[in-house]
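Two complexes are shown next, each including subunit A; its partner changes from subunit B in the first to subunit C in the second.
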Partner chain A sequence: MSGLFDLYLQQFRTSLAAMLQYRAALVIWLIGQVLEPLIYLVVWTVVSATQGGSVGGFTTGEFAAYFIVLMLVNHMTYTWIMYEYEYRVRHGSLSFALLRPVHPIHSDIADNVSSKVISFPGMLLAAGALGLLFRPTFHFVPWAVAAALPAVVLAFLLRFFIEWSLALAAFWITRVSAINQSYFVAMLFLSGQVAPLTLFPGWIQMIAAILPFRWMIAFPLELLLGRLTPIETMEGFATQILWIGLAWILMRTLWRSGVRAYAAVGG
Partner chain B sequence: MTERAIHTLDLHKEYVVSERQAGVAAALRGLVRRQTKKIPAVDGISFDMRRGEIVGFLGPNGAGKTTTLKMLAGLLHPTSGEVGVMGHTPWERKRTFLQQITLVMGQRNQLVWDIPAIDSFELNRSIYRLPVSEYRHTLDELTELLELAPLLHKPVRTLSLGERMKCEVAAALLHRPQVVFLDEPTIGLDVTMQRRIRSFIAEYNLRNEATVLLTSHYMADVEALCRRVIVIHHGRLLYDGDLSALLRRFTADKTIVVQLGDCSNDLSAYGEVVSCDEGTVTLRVPKGETARVTSRLLADLPVIDLTVEDPPIEEVIERVFEQGGP
Partner chain C sequence: MTILRLFWIYLRVGVMTELAYRANFFIRVFQSLLELGTALAGLAVVFAYTDTLGGWRPDEIVALLGVYFLVGGVIGVVIQPSMEAFIESVREGTLDFTLIKPEDSQLLASIQAVDLWGFIDVILGSVVLIIALVRLGERVDGMQAATFGGMLLAGIGIVYAFWLILATSAFWFVRVENILVIFQSMYEAGRWPISLYPGWLRYGLTFLVPVAFATTVPAEALTGRLNSATLLGSLGLAAALLLASRAFWRTGIRHYSGASA
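Moving on, here comes the complex of A and B:
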């Protein structure tokens, strides 16, 4: 176990050092991360203002709070592993990972977490600035904020496992961007990124509750905003854990057969 | 402990590739039904290697060298046949197996591009779970042998090709693997750097009693390091044995270089004249004739200097490939 801890620590340091080499890229990436929720934020506050200050149970201030917190939750659960794997398989750098006596997912998790540590202060700053500009309304519910912490961690794991599994498609398919695109579209609508899920028709909400997307973003987000009851929270945790279990099994199965496929064709 | 480090028996590897005719119609047909073809990359290779042995693995491009190395390193699953390295089945890629081997590919890098090599080394230390004292010791040794000291703290992307290769080799050997697979380790390097890497490999082999299987297009690498060579072509074994015996068998001719002072004499009666340049004549004669021709030349002509040489090893190996085996 101490060996694995050492590995995480070292990978963490390495990733940190590599990322700090490119300060400009880091800033540009941060701007991108802020821009997307900002666009939805502007759209919805305008819509809300023209509708007399509220749409589907969200006031203008609550929309602002939603998208600002969304930005932070999305940042904390975000991965880029799907682009990474395509590159690894195509360029054969996966071979080196396979020759190492440790599962490559550990490096990927450590790499992801380290990038978040670096960029999180920037995101907080951006959130603060948006807060001053858009005057969000928060309903601070202490127990819900406390519960949101593990919910974010579980959301991160779920998103990581799912996206890592999807990334493994690169073992069989040379051009994985079609798969990635469909995934991102589903993610956009069903995880609450375009709009709060309660604004969608009932049947979409039902689909969202069944599929994993909601549990990667919307659940911890709604929790942070104090919009869930204790019962809904418990159900949320149970669903997250269930999905993490399923995603983990999926990931293991795909990894095993993926490596076998890779070993058949070479890299 | 078994003395045998590597074992292969009737090893096969087939790749399935899709193929289609040129043109749009064929492309559309390909959407519905993929035409595939099996290409044998390795077609029944058998050889063993003792612990501590260095073997040169020769063959033209596409002969199946890299495929074989990848099967030995556990990256590729053989289609059929036996393969064992240090008593393990490579493709199972067990931790105990991976701890004992390394694969250096001259055209690919494992070092993180943006940071100094020393940081990648530290990462490898944690990946291989090396005790710090052991790691320091190995690092010191590698630093000394490869003269890495001035390179360790520079970002890898700022290093020259040769410098980077030295760091790649060091990164691959930090865990002191017992079996080392080297695929073109000196490709693209200048002569000095090639020589350095070469002498390092010899030194590593000696100090650690490591088994080394090496492919290279530079015959100088093979000549300097390997007594034994394995030659493959079209996935089949052409030759397995002493390099010197191979050379002897395939060296039908000797080259005689005679220095005469001028080019006025016609030496075609003595052998095939390869060149005549400022009074130095190069003759090719059958190996058996060498002694007779040499004494005749010395008796008949005002020879200033005379040397007898073997043809360059590249030429000999080329002949082995052309003739498809002894």
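Moving on, here comes the complex of A and C:
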């Protein structure tokens, strides 16, 4: 166990050093991360204002709060591993990772977390600025906020496992952009990024509850906003853990057969 | 006419390279359709809760979406790939080869790479636009069509000049491709009427990154919302930016000393 701890520590150090070299790229990436929720925030606050201050159980201020917190939760659970793997497999740089005595997912997790350590203050700043501009209404529910912390961690793990599995598609297919885009579209609607899930028709809400997307973003987000009952919260945690288990099995299976299928190109 | 002749040559080269990868066609059509479907589904969710958005009716927003795809397609066919190739050539020093050709260097740099599949978005955008106009029952007379064409050209001119100015700064800063990424995320905002956004953002999307002139203004011309101040402003800005980018390009070329090709 201490071996793994040392590994993470060392990986954090190298990742941090590498990230700090590309500060400008980090800022530009942050702008992109802020803009998308900002667009939907504007659209829904305008809709709510035209409909007399409230739509589908959300007031104008609650919409603002929803999309600002969405931005933060999305940032905390975000990964870019699919792009990374397409490159690794196509350029053969995965060969080096395979030579190391530890599973490559550890360095990927460490890499992701360290980049967020650097970018999170910027994200908080952006959230604060949006808070001043759009006057969100928060309902502070202490137990729900406390429960949201493990929910975010589980959401991060779930999203990481799922997207890491999806990234392994690069082993069999060299052009994965169409697959990734389909995934992003499903993510956009079913994780609550276009609109709060309760605004969708019943059958879409049903699909969203079954598929993993809701549990990667919408669940911790609704918890933070104090919109869930204790029972719903317990159900949510159970579903998250169930999906993490399934995703973990999927990931292991894909990784084992994928490595066998992998034919290094160049490198 | 030189422009058309040269563009035709580069387009043929683009076609020949891409035809080697025919499966790409289906992937790109799929991706464009997916993007369009996503946008329409997003509109469906919004309009389930309201009849108008910032004074725009659903079909009018769909028309705007058509313009968004159309202009995005034009950017994707030639402006973006050429500007990226140009920035790359400054870093690698291969710009030298462009400079020794006996045609205008700005023209050559601006059309040097053509991405054939970008036309998919141009076609899709036009289809969406026509369907939206038919559904609106809008009688587009000659005058309105001409204004729309003019505003579309002005918008594309503004976007081109904006990209050229950013790309030209590569002569001094070398690594500028990141700035271009900002434009792409800002362009997303052009899918919705610019009047929706709060003042500071509207200002940014009009003057800082001129997305408004590329999408909202041409759509306004078609839906009868365009006032003469915006019309003149768009034409004036297009002329000013095109001249400014030209002057900036000349300064940049003088500054360029080659990076050993």
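Following the convention adopted for this analysis, the second predicted complex is superposed on the first by the 262 of 267 C-alpha atoms of A that agree within 3 Å, B and C clash if a C-alpha of one lies under 4 Å from a C-alpha of the other, contacts with A are read in each partner's own complex, and residues count from 1 in each chain.
We take it that a contact is a pair of C-beta atoms (placed from the backbone, for glycine too) under 8 Å apart; a residue touches a chain by one contact, two chains touch by 3 or more.
Source: prediction; values computed, not measured.
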First (subunit B), second (subunit C), both or neither touched by A:A17: first
Which of subunit B and subunit C A:R100 touches, first, second, both or neither: first
Partner chain in contact with A:I207 - subunit B first, subunit C second, else both or neither: neither
Which of subunit B and subunit C A:L246 touches, first, second, both or neither: neither
First (subunit B), second (subunit C), both or neither touched by A:D6: first
Contacts of A:G92 with subunit B and subunit C, given as first, second, both or neither: first
Subunit A residues contacted in one complex by subunit B, in the other by subunit C: none
Sites on subunit A touched by subunit B in the complex: 3, 6-7, 9-11, 13-14, 17-18, 21-22, 92-93, 95-96, 98-102, 260, 262-267
Complex interface listing, subunit A residues touching subunit C: 24-25, 28, 31-32, 35-36, 38-39, 42-44, 46-47, 50-51, 55-56, 133, 175, 177-178, 181-182, 185, 188-189, 194-195, 199-200
List of subunit C residues in touch with subunit A within their complex: 24, 27, 30-31, 34-35, 37-38, 41-42, 45-46, 48-50, 52-54, 178-179, 181-182, 185-186, 188-189, 191-192, 196-198, 200-201
Subunit B to subunit A touching residues, read off their complex: 15-16, 67, 70, 73-77, 91, 93, 95, 98-99, 101-103, 105, 108, 110, 112-115, 119-120, 122-123, 125-129, 155
